[in-house]
Structures are given as structure tokens and as C-alpha cells.
Amino acid sequence: MLKIERIGVSVDSDLLEQFDRQIEQKGYANRSQAIGDLIREHLAEEQLKNPASEAVAGIFLVYDHHTTGLNRKLNEMQHNQFLHVIASTHIHLDHHNCLEVIILKGKSGQIKKLADSLACVKGVKNSRVNLMSHHQSGSE
Amino acid sequence: MLKIERIGVSVDSDLLEQFDRQIEQKGYANRSQAIGDLIREHLAEEQLKNPASEAVAGIFLVYDHHTTGLNRKLNEMQHNQFLHVIASTHIHLDHHNCLEVIILKGKSGQIKKLADSLACVKGVKNSRVNLMSHHQSGSE
Amino acid sequence: MLKIERIGVSVDSDLLEQFDRQIEQKGYANRSQAIGDLIREHLAEEQLKNPASEAVAGIFLVYDHHTTGLNRKLNEMQHNQFLHVIASTHIHLDHHNCLEVIILKGKSGQIKKLADSLACVKGVKNSRVNLMSHHQSGSE
Amino acid sequence: MLKIERIGVSVDSDLLEQFDRQIEQKGYANRSQAIGDLIREHLAEEQLKNPASEAVAGIFLVYDHHTTGLNRKLNEMQHNQFLHVIASTHIHLDHHNCLEVIILKGKSGQIKKLADSLACVKGVKNSRVNLMSHHQSGSE
């Protein structure tokens, strides 16, 4: 069950006026929601700095169809005891290129290390890793 | 067909020594591959600064199962003439939370705007957008 | 004169508990102050995305003592009608290297352009630009 | 004395063409210089991830003239054995606000901790820390 607490916050009027304008423009329903998002975002960033923190991540790889070393690396990954692959999606971008999106859970440090090693595989042209703190978002 | 060019580059010896150590540690096969990746990465970042540049993106949303406004927004998105959703993956994270990964193509400015508007939907706890320059990776 | 407003915010209890722990650890006096900082930071980031927004910036340059092209560029900069240099500090780092810290005001887009052009000067080894929204911080 | 080494690099022709266009636009004299900067930048970023690495940093603080707690913190800082303040510049921004730019050397982890603690002082409205790897730039 979701427990909500009501707190009082003192904010400078000028700052508040600017903030209200911006959240309206972005489409937030109210201040509580926007401030909740700022807090959550901030906590998640702090947490992900710790390599031992649990994270959900997406690894994006754009690579050449003919890349042979990648499948082997991806297979090894399945046997990494610190990482758990949840899903992966393979997309045909154009005649030359594929996009692989791998969604996984594990320690943020381990995930970054894996992403680094995938980025080095010959034929991988572009790689990104996207970390989200899992625990923080465990309850709203 | 992939055309490779051989160029000569003058680099400070100390810098080169440190670079060699680091690319070996990361697992690169050779300098050409590592330098190619640095160039590609740099060009992609420059390109994505332009809101009119074409990008492939992943939008990650962690949200509460009971979020009702999200589906409506996601549906609207399908009718956005500037964006083309390629695939989306829905993952059950735990009792409370889902992860939706939406992979799409479009102008980077439009994608950021969409990601902003999804982040504001009540019940969306965490959101990330991951942009990759598509054109740059069109050939290696 | 500083006007403070008191607002009520509804936040999830779990999230609040984590936030309280973190702000205590960081050394904030109270929630209002920490939330005020999150809001200010967020507004500043949004504002700086607009190249026409006014900013205060620090440009850091580490360069070789014998760099000859830099002084010329720095002089040109004084005549840029869109930028106003407030102060600059020159530091002798070691036998080979200087650090120049230039503090200036101007449109954020113009400042980035200048920083880019200084980074390219032969002998400049490292450069960073640090933008802060001036207006936002105009009153607390 | 500066030692330069000449290396051969194989790069995809398309990528090279785009890169050449971009470095010309930015104002680089040649490829060697631009690639040297990419390598240096990359090494510096990797190095700064290690909290024990030596860095030169600038801490920027925008604060209210009447902030009383800041001077005390700044004094304490002088007695921190891990940090060495090289210079600091005080700027009068407007009727309400000052900018303090503190340039210091030390371990990157220690510098970040200090910057965090300064950001929390009541009256500090905006703070930024800018880390540059010192060692990397020690010779070009």
C-alpha cells in the first residue's frame, strides 16, 4: 500500500513562480508530483554512483550485421552470476545495421563493466548504457 | 561496401602510452578501432545537439501498474507524424512496478519532447531517454 | 527583500525517509533548503538549454606555457559584443603547464561557441566550460 | 622535452569525411591535434572516475552576500590536509549575489565531497564543481 505524507516546505516566492510556470509547461498535474520526481531523480543518481547498488539497465548496441564476436560475448554474459538478463530486442535498422536492446538487472558497477566490454567488440559502432535505480522506484 | 582509409597521426608519446594501456584493459583489438570509436562517439554527440537530427532512441519508463494516463499518452504517440515507434517491450519488475522500453526513430528534438511529456504522467516514477545518432552509425 | 512562501507537498513516505537520510548525510539544515536547491538546479538546467539565456560562466584552460595562439584568441574575445569578461586568473601548475580561469557573462550559446574555439587552439590540452544560470540565482 | 610519435590509423572513409568537416568547422589546424584532444579527454574522464586520482578543480558558488556560514566552511577547508587551495576569486554579481571561484588541487573524491558540503550551506544558491585531470595534462 502506498503511504503519502504531507509536509510543509518554505520556498522563495520568485523561485516558486518560475517553477510553477515550468511544471505547467511540462504538463505536471501539481507541485507535489513534480517535487516528488525531483527527489526521486536525485536519490537515484546518488545511489547509482555506488557500484554495488542494484540497478535495472538497458544496453543499446548499434552493430554491423556481420559482427561475429558479439554473439559470443552476449552468450558469456548469460553466465555472469552478477547479472540477470530480463529481455532483449533485436531490430533491423537498415541494410547494414542492427540495434540490440538488452534489458538486465544487476549491480551498477557490473553493468557498466559489461557495457564497456560490449562497446569494444569489433563491429559495434555505437553503444549506450542506461542505468535506473531499481530500489528507489520500488514504491511510490 | 566498407571503405577503409589509412591515415597518419602525430601523438605525444606519453599520451599514447597511457592510451595503449587503457584500450588493452578495456579489451580493444587495436588503436584504429579505439580511435574510430572516439571519433564516432564525438560526431554523434555533436549531431544530437541539433534538434532536427535523426536519431534512434530508447525511452525507459518505470511506472506503477495502475497508472491509467500512460496508455492514452502512448497511444497518442503512435499518431505523431514525426516519430516512428519500432518496438516496445513491457517488463514486470515486481509487485508494484513495470518497465516499458519504447524504441523509436525520429528527430532528436521531438523525441526529447515526448520523453518529457511521458515523465510527467502520474504514476511514472523514473524515466530516461537514450538518443543515438542513426546516420553516423549508418556505415563503418 | 526576500519573500518566502510556505507550501504543502504530498510525498510518498518511503521516498521521504530516504531523502531525509540523504540530506542529513550531506549536511543540509532542513528539507526546505534541500528542496529549494533541487528546484533551483532544475530550473537552471532547463534555462541553460536555451542558447539565448543569460549565464555566468567559468572557462578553464590547461595549456602549454609556449602556446602562442591563445593570447590572440583571448584578446579577440574582449571585443566580442555578446560577452563580458569579469575576471581572469592565471595559475602556474607546473614546469610545463598553466591554468587560465576566465569568468564571464553572456548568452549561453555564445559562451559555448567561444569555449569550443579556445579548446582548438594548439597547445590547449584540456578545457572545460561551466555554465550557471545567472537570472535564477538573482534572488533566493 | 615533448616527444611526438607518428602512428598509422585505419578509419572508415565516411566517418573520416564527416570528422574532417567537423574539425574544420571547429577550427582545428589538423587531424592529429583533434584526435590528440579526443584521446586526452577520454583518458581524463576515465581517470576522474577514480576518487583517488589527482585533479585540479574549480568550485563555483553563487551565494547571498549575507551568507554567514560560508566563510567558516571556507576556512575549515584551508586546514584539510587532502586539499590545496591555489587561488580564489570573489566577484560581485549584483546587489544580492556574489560568485566565489575557488581553484584547488587534490584527490577528486575529496574535492567532490567538499563541493557537496559547500552546496549545502544556507545562502548558497548555485554551485558547480569542475574537475580536470592534472596528470594527463602534465605533458603534451
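Chains here go by letter, A, B, C and D, matching the order in which they are written, and residues are numbered from 1 within each.
Everything below uses one rule, namely that contacts are C-beta pairs under 8 Å (C-beta built on N, C-alpha and C of every residue); 3 or more make two chains touch, one makes a residue touch a chain.
Just so we're clear, the structure is a prediction, and the values are computed from it rather than from any experiment.
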Task: chain B and chain D, separation of their C-alpha mean positions in angstrom - done: 26
Open item on the list: Counting only Cα atoms for the centres, state how far chain A is from chain B in Å.
Closed with: 11
- [ ] Would you give the residues of chain A that are in contact with at least 2 other chains, written as numbers and ranges?
- [x] 40, 136, 138-140
Open item on the list: Please classify the inter-chain touch graph. Allowed labels: line, ring, star, complete, other.
Closed with: ring
Task: Interchain contacts, given as pairs of chains that touch - done: A-B, A-C, B-D, C-D
Task: For the chain B and chain A complex, residues of the former touching the latter - done: 26-29, 33-34, 37, 40-41, 44, 56, 58, 60, 62, 64, 86-87, 89, 91, 93-94, 96-97, 99, 101, 103, 116-117, 119-120, 122-123, 125-126, 128, 130, 132-134, 136-140
- [ ] Would you pull the chain A residues touching chain C in the complex into a rising list?
- [x] 2-16, 18-19, 22, 31-32, 35-36, 38-40, 42-43, 46, 136, 138-140
